[in-house]
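Single-structure report; data block below.
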């Protein structure tokens, strides 16, 4: 009886999409107004899902309070009210697109989830733009 | 041409998370404030999805009015405005976690859906906590 | 320059609508399935709004972190994961309809908001049923 | 590192569910009030998802601005503020159920997405009724 | 202790914005694609609010089940799954803009609400376009 | 027959709350993590409402397409994908709190709305924090 248990969280951050090895013209052509050198920002919505057997003792796949605390420690504390490009080490040399942010979050959470459980990360940059990564 | 057709419904219920074979201390350690012996409650959002071939006659995978009536009969009538622990037989000896409620709902609906169709149940306990069960 | 500043919060609670001085028949006629003697429950959404002049120093009408903490102390701590009828003193002799809950919350918050500021409470019992009280 | 990138859009349209080869009685029995011969309508929400490798240069699976423009050209321009039965050639002989609309949209988009990328279409007819097609 | 009690409902309808006494050119200039002669449609969200004293007996301003039934009888039955221009007498000679629909709904409900109670109608044509009428 | 007609829009921006005439300690005490000197950001939701008589010719209080274009010209073009502190002249010497942003938007829109019409601006900084300004 495998069940997927999901927890939603939110963080607010500034970012800029660009490559330092490209000139301004190419950055603007590819990233448009997301390449504002003075940054813009988003309320990111994050849904983290863990899939596994229901523990017959507790009736939980994973205690969602534990998952909530893990998301706070691994994602919200380092990302919330931050500038992703300047404040978060993982994006020093990685463009903070929604895709890359989702992969970084997945990689940060993966070691803390039992290996036999599946992990999924959904990241909404806006209510109209979002990405899903399952490893 | 397999399509997944989904119908959303809502029910409001009281519940309590605990195991009668554990003492109060252990129940509190595991279930926290969800172990209030006088109960708390939720507006549960339920999404039931049926996956199968489109009927070339009607253009439906399943008539969503039929699915709506089935959800009413099998889930809303016995669960809505009820105390899950005290009013619903399935939870007499089963902890009404979101995971267990989703499995119970899936088991109640499964016999009423054609065997060759897949069935998925998503249950939101709150907008931030939800589970998915596909059998 | 009067601005209304609003903060949204959520609590999950069980309740029952009934009058102990009415018999079962009359309680059922008036309150229907909300009169389940074993309780049902809701995810209540609460929006608290304070209207006043913008403080020229901070640019705030009220620091929403302060309002968030006040809501937690006055409403979430006593109401969340509780049985409103049994756990909350204000409803020992008051039917916990959405209207009455909103008035109780307003009365609890009012002494903590500067007298010259207006206070509004919106309480959603479900996404389809909600009430507004302004004193 | 396969990621699913999703873009949400909306269109407003009139439609009617019926089969011209059935008589009024049978159309009413199967399609109910959706068979109003003078039409009714919906705000359709559409989520288009493309799954593939992240481009290491851009950090995108697909530029969501490009996907937005493709959805506008292939779906919104021909469908928005239209009568699906009368204005859209694909439904001249095809009942515009949510299932069939989703398949038509998928077929219109598929040639414009790289063949090695997976395509998914989710179509909400209402917030309570929706379908998913993945080819 | 005046409280505003609100109930949300939904109906799906087709409509067309135009004036028969204007030529096509003027109708297109003013109403744009809303003037499609073959109609388009919406999922209309409706919020009806009644403001008055709390009944000390019941704790209700108005029984929201009664308000729900009134909305069904006066609005959903005549409007849902209908063509507003062709099926609803009130719009035979009145352009079914959101503003006019809200006024029509308010006028239909007003005689059924106690005279000393205030009535408000909010009508969402889309999640981005909505109107409010209070008489 | 006065009706309030509302239009919702969205912009994404970076900002920082602080006063240059306060030292870091006082800025942190008052503005907390909103005082990150490298900025953070939000998806701001904006609802602009115009209240006035329905034009008997068109059935509109205001053509919402015209209001949409006005919001784009006056708010979205200068604010979207911008750093409010660094890119928007109005916040060179004004702390970009939600309250101040709402007042600035109201002041920018006011000259473009007929003087006898009322104007209201609601600004969501997050789904949980929002402000309302009516002049």
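Per-chain numbering from 1; labels A, B, C, D, E and F assigned in written order.
One rule holds for everything that comes next: a contact is a pair of C-beta atoms (placed from the backbone, for glycine too) under 8 Å apart; a residue touches a chain by one contact, two chains touch by 3 or more.
Note that this is a predicted model, so its numbers are computed, not measured.
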_Treat touching chains as neighbours: how many steps, at the fewest, connect chain C to chain E?_
1
_Show me the overlap between the contact partners of chain B and those of chain C._
none
*Farthest from chain E in C-alpha centre terms, which chain would that be?*
A
*Would you indicate which option in C-E, D-E or B-C repeats the interface seen between A-B, with over half of the contact pairs matching by residue number?*
C-E
*Which chain lies the greatest distance away from chain C when centres are computed from Cα atoms alone?*
D
*In whole angstrom, what separates the CA-based centres of chain E and chain F?*
28
*Rounded Å distance between chain A and chain E, as computed from the means of their C-alpha atoms*: 41
*Averaging only over C-alpha atoms, locate the centres of chain B and chain E and give their separation in whole Å.*
34
*Tell me, which residues of chain D touch at least two other chains?*
127
*By the touch definition up top, name every chain pair that qualifies.*
A-B, A-D, A-F, B-C, B-D, C-E, C-F, D-E, E-F
*Quick one: which bits of chain F touch chain C in the complex? Just the residue numbers, please.*
17, 19, 30-32, 94-100, 102-103, 127-134
*Show which residues of chain F lie in contact with chain E when the two form their complex.*
1-9, 49, 54, 57-61, 63-65
*chain F residues touching chain A - in the complex, by the definition given at the top*: 10, 12-15, 33-34, 36, 38-43, 80-83, 86-87, 126-127
